[in-house]
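First chain A sits with chain B, and in the next complex the same chain sits with chain C.
Up next is the complex of A and B:
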């Protein structure tokens, strides 16, 4: 995961995740739901990520595990082409 | 400003429920305001804010109607029927007609939030009497909105996917059939051929970048479009107990509607004969009794508790020994209960002969706050007075009938406290109380309540011999400080209990056991039901002591569990299991 991608994910989480822990310093594998992100907040996180990366998560990625950690979000973004050359 | 009045309107076969916020005759209103709510959980969150918007608009001389779409809130119908999306659009049309009838205005402005803005726009485009539209954070593309609901549905549960049921989308307790979902997904306001109104105000949420395409499409049709981005959206859409009225957004809407009205000829109040307000409706039962629903006010210290009574529309001479039941909602959610569970239960039980009251406690939903409490307060001993007032009301209305109190979450805590206090309810049905202690529930200084400590400690016990959590701990993925805080508080409490028992003093009973002893003495009957992993259940067992055992042995108390459910029973299967259990103990 590039630093730029991680920074954008953290920014989306900070603004929309409503977590008790600081999204900017959270471990990349830390469980975001454990950290206080609700399902309602995860909807806004998804929208913010789509806006930040100019992508749309396909239906098969609209699930709890995809938004469970910074690492998982990053993997999902990479799966849909973010971070690849020309993407 | 006139007091707001609850009313039923629309088709007799599927009556709609709403609130008319009238104005004094001297205002001679030029136009009225119809408020279209968002759908589902967003409505639960925004209910308070839209109520305040209606109050503010009426105070500014704009008669206002807010309402529940058919199949939503306190209106008739359920979400399983065909043509739900069209029924929602028809509801908007019925609301516009009703406001014109009651307020004597010939033009209206429609203001909607989220899906309400979309429904308002689509319904308005079919009419010539909508002078303006206010769209707050509108759902412009239905497809995107359905994806949001899908995320909500998939992320709301610990398990990876909720139990699939016949292609229903289950989003925070609200259901969308495939047909409704497809109808919503097909909406794209940018592609509409007819303008909703000559003037449109779009208030974008301030936490996302605005999408200008709809505004541009409207302008291309000759619509005068105003756009604003104002703070308050996120706070308004917080959980009902944390929601905050977006003062700037509401002020902007009132100012805009006032501006629209100022350019119109005023009605002559003397020419308008006010139509009669219907404060009740009849819901036709298919193979059971019809149900009468009546909006009423229960006399109380705050000036009155708003409630809706569901009663059997029984033929003369038919007697029933069905109970009188009062439903208390969770947290600060208004009288529909989570996922609109209360209207469904009330109607079902009323069709069997019961009289069922779903109520707003002071400062919640439609009920005025007690001055000393303020509004949106979840826990307070003062609510026990409200329960007494409700009991008195039901006893007077239905003498010689057993009276049951049914509470969910904080409503269950209130019920438990009423049992401790020795109120005269015949049965307390207590669903998923999180806590048994008001003081502790309101304690914010520790940042974590005792029941949360118990819940977290129970979870750690379960995971003690699993490898994964230890791996996470070692790799720094878990918050060690938080875990240590939980364990130290849990240990302190456990030691205190053990020390007390060692001394064999009378004081060894925990505060909860002392209260259970009072329940035992009062001969109160209480039935608890918990979802799986609910923190209230282990708390009850750990602190209930021998008194809990005695209550259970005497069948003065029962403890049941509903499998595969979350705290507010947002999944249909879990909810159905809860209802099955409730049917056996309530009605």
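Up next is the complex of A and C:
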């Protein structure tokens, strides 16, 4: 995961995740739901990520586990082409 | 039988509408639900909130969290007698068929800051 991608994910979580822990310092593997993110907040995070990366999450990635950690979000973004050369 | 329950703060839904506007509304709700919830200044946030809670309650009752489904494939339908029912579309309808679901019942409520919904799923 590039630092730019990680920074954008953390910014989306900071603004929309409604977590009790600081998204800017959270471990990339930390459970975001354990940190207080609700399912509704995860929708906002998803919409913010779509804006930030100019993508749309396909239906098969609309899963709780996809938004469970910074690392999981990063993997999903890479799956839909974010961070790939020419994407 | 499976049960799902969810509760949301109405002002959190308001914040989503303020931040993401039509993108939030069209991602979560069907056109029919949006018609019922109103538009612009007449938008009824408590209706949006109770419907969001109902969709999450369905997701919990049917164990759809890992199924990869659209929120708009779960629709709250207002019946003529004033009661509400759940209509399933797309991938959610497929799961419902596969599980042998006979009936999905929903009850929604809102009061001041909160909106909630309870869903009961009856399987064969």
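The rule is simple: the second predicted complex is superposed on the first by the 87 of 87 C-alpha atoms of A that agree within 3 Å, B and C clash if a C-alpha of one lies under 4 Å from a C-alpha of the other, contacts with A are read in each partner's own complex, and residues count from 1 in each chain.
As a working rule, a contact is a pair of C-beta atoms (placed from the backbone, for glycine too) under 8 Å apart; a residue touches a chain by one contact, two chains touch by 3 or more.
On a predicted model such as this, the values are computed, not experimentally measured, just so you know.
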- Which superposed partner A:4 touches (first chain B, second chain C, both, neither): neither
- Quick one: classify A:54 as touching chain B (first), chain C (second), both or neither. neither
- Task: Please work out whether A:27 is in contact with chain B alone, chain C alone, both, or neither, and reply first, second, both or neither.
- Result: first
- Task: May I ask you to name which of chain B and chain C touches more residues of chain A?
- Result: B
- Query: Once the shared chain is lined up, is A:62 touching chain B (first), chain C (second), both, or neither of them?
  - Reply: both
- Task: Applying the touch criterion given at the start, work out whether A:40 contacts chain B, chain C, both or neither, answering first, second, both or neither.
- Result: both
- Touching both chain B and chain C, residues of chain A: 16, 39-40, 43-44, 47-48, 59, 62-65
- Query: In their shared complex, at which residues does chain B touch chain A?
  - Reply: 41, 147-148, 150-152, 154-157, 160-161, 172, 207-209, 234, 237, 239, 472, 475-479
- Note on the structure: Note: in the complex, chain A contacts chain B through residues 15-16, 21, 27, 29-31, 33-35, 39-40, 42-44, 46-48, 51, 57, 59, 62-65, 67
- Message: Per the contact definition, I'd like the list of chain A residues that touch chain C in the complex.
- Response: 16, 18, 38-41, 43-44, 47-48, 50, 59-65
- Message: So in the complex, the part of chain C that touches chain A is made up of which residues?
- Response: 6, 8, 12-13, 15-16, 19-20, 23-24, 27-28, 52, 56, 59, 65-71, 91
